[in-house]
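Mind looking over this structure? Questions follow.
All chains are identified by letter, namely A, B and C, in their written order; residue positions are counted from 1 within each chain.
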């Protein structure tokens, strides 16, 4: 456990927590540009969070302790997830704690707490949102696991850090299987992070919404944590995607401090690109009816399994 | 020379009839071309008998005792059917069911169909065999829809799609055989599809690939043979097309498809050295016999009735080939011959009977014997022959098959006997009131051609009583060649 | 991991693309789009053939690539387009069975096809042997498409897609069939399409539609 690795680990966690709202802001800005609107500042999410922290929390009368713990649990799970995703370096002390399958479990834990909290108060909207979230999650999770399995099969390990290291150290080769799984992963990312075409992050009080419906009863610091956690989730997913599909530039053991130094701007570049891509997808596609979402997830699953089969057959 | 004439005549006929097929004398021209083809086939046969097997055109074609008798049979039935179609199509024209354009199509396609079948029979290249089989489907699909009725269009569509899909499976099987052969035969792969070469090295072919290939080939060509449960297209295509086409489909196309299956079976069996191909053939054959016998009971349309009877007989022949051995193969070849002759004769009489009655429904065909004794007796004798009454040749063949089955596959004998009994009752029960009884039918504008019917039946009768020694020797040679164990 | 040369990686990518297109066809409702997908499949097939020809120096593969290009990428889609226009079925869509269920069934078929291909691929010595499974999968998926569709046009496209699969199978298992056979097969496909064109008009004339629901009267009546 060298000091360099510890530094990488610390830097990653701090960067994730700090930069997640910035990433959301960046996506929003890109979207605004693409849609010919005047863009909000990239710092807008920070302002929102700060404002919420200054307010007094109001809790529903019937709210159980679970309702109050949930934001901390969700936020905690996301931070932990950020710690084991190799966004900057692959030699992270914490990766031994959890492999990629545990990571999926961690994300599922967050979802479970969020859904339970949404149902806790007993309002119609919360229950509705929770049910939809569970439906989407239950369909997206197998697809996500399949995506990870393909990468795991290619690199013979389930540890995300080792996968990223293996893939980044390969000579350049065409992987049809990874192309398929990349499509699947993008679909899962959109669904899991409540983006268009599954959910619309920009609206409230729409009958088709999923994510926002679950947060309606939250206020002040709880809401701030929840939103921050949502931003972190998006950040994490993008980092997972980066680690699986464009891992080049990540700092590996052999590269020393220089690698870490290089990897930070590289990551920033990749995030910029990913955010812009996300904005494009959200701009060109229309929101699906909620009941068509399973079809989308089935497509994602199909792609992932196709990727798996293609890998097994072609070895590529 | 004979060989060139054999394949060249139908092509020339197709081209010429494609231009002149609607003329008044076109039916005669059609018959003439078929006659020349038949003469070429006879000459070829004489040559084979005298000089033994022939390989032509860089070994792409070859004639051995197995296919030469099928070539002769095909050319013969092709010729007699052309004779029959002469008055038949004229009547259809007079009844206004056909336009001159369609008559031209019919004549051209008839010759083309003959060509594809002869090509399939004589080619040594199993890839070309596939091409010819597909060609046979394509040339007949527009003939099935010749009347453009909704039912005929449906029948044609079914025929096209089912046989198209089936034949695609056969192509895959052929690819697999090529794949297995390329390793053994080597070279540029040109010879790796030639049956004679494959036959020489069949024990070296990779068994696992060959068994997969056989499944695809059997399903593919089996669809065209009309083996249950892939027989769905067969009754529809037979019932809705013009009767001469029903006659050649039943009498010839099914034989040719079965020929393809047997050729492949010889290779696969040699490679596997196991009973798998035989067992599969026997299974498909038995299922076809039983299913067809049951369906025979439900028929109202006379052509469908005899179409199912074809399924039944193809089942029996397939079963016999499955049993293998000199006796069963001999019986199967004999059965192929007599079935083809009898069934086409029956379709000839059925065609005229349906024209007279103005309907193909059996309820509406009555009292043929009072109206036209020749048609009535023709149908009666033909039916007696096809259900396996002695002394016709079908009886002899079935008797041989059954006795062999008793020896080799005793479990199958009762099933076969029962199915044959059921089929007998079904066919005979339907035909009897059609032949005897009150009549409603009318006279036809053109006298029917009944000579072919009686010639066919006479040959069948002769084959039942006495197989000429050179023919028997020929069958025996073929039977041993396609796998005496 | 075994290192695979770039050309073969490209062939593999083409194969994966073929498989993907098969699935796209399975889930596509619009007839015109199906024709585009078919043409794309043909183009990928042509590309794969060219790549293999280049790699293995099998000259007859160039000819079959040209054949594919002419027939499957240009002529047949053009013919189908013409038919679609002439028959006025440009906007035809057809209701599908549940897409997700169809897709899952398709996946099962692919697994089956890969299983079937194992013994063949194990024996093959060609460079592209690993794609045999994909070829079989394409054949079976096209077969499934033919079963699930009710429009004459879609069934025919399924049929052609099956032909593509067969061709690809022949190529990856044995670098294609001898030229005589390949020409014969191409001729048959061509004639089949022309016959079908005539057929479509006959069906239209009779039923005013290319829906195969009309073609269900011939059944064994109880």
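Here is the rule we go by: a contact is a pair of C-beta atoms (placed from the backbone, for glycine too) under 8 Å apart; a residue touches a chain by one contact, two chains touch by 3 or more.
The shown structure was predicted, so the numbers you read here are calculated from the model rather than taken from an experiment.
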{"item": "Identity of the chain that, by mean CA position, is farthest from chain C", "value": "A"}
{"item": "Most central chain, Cα average position", "value": "C"}
{"item": "Chain-chain pair with the highest tally of contacting C-beta pairs", "value": "B-C"}
{"item": "Centre-to-centre distance between chain C and chain A (centres being mean Cα positions), rounded to whole Å", "value": "38"}
{"item": "Rounded Å distance, chain A centre to chain B centre (Cα mean)", "value": "67"}
{"item": "Averaged-CA centre spacing for the pair chain C and chain B, given as whole angstrom", "value": "31"}
{"item": "Chain C contact footprint on chain B (complex, rising order)", "value": "60, 125, 127-128, 130-131, 134-135, 138, 141-142, 145, 148-151, 153-158, 160-161, 164-165, 168, 171-172, 174-176, 178-180, 182-183, 189-190, 192-193, 206, 208-209, 212, 236, 240, 295, 298, 300"}
{"item": "Sites on chain C touched by chain B in the complex", "value": "116, 119-120, 123-125, 139, 143, 146, 152, 155, 159, 162-163, 166, 169-170, 173-174, 177-178, 180-181, 184-185, 187-188, 191-192, 195-196, 198-199, 202-203, 205-207, 212, 214-218, 220-222"}
{"item": "Parts of chain C lying in touch with chain A, wherever the complex brings them together", "value": "1-4, 6, 9-10, 12-13, 15-17, 19-20, 23, 99-100, 103-104, 106-107, 110-111, 114, 117, 130-131, 133-134"}
{"item": "Parts of chain A lying in touch with chain C, wherever the complex brings them together", "value": "154, 171, 173-174, 176-177, 179-180, 294-295, 298-299, 302, 305-306, 309-310, 312-316"}
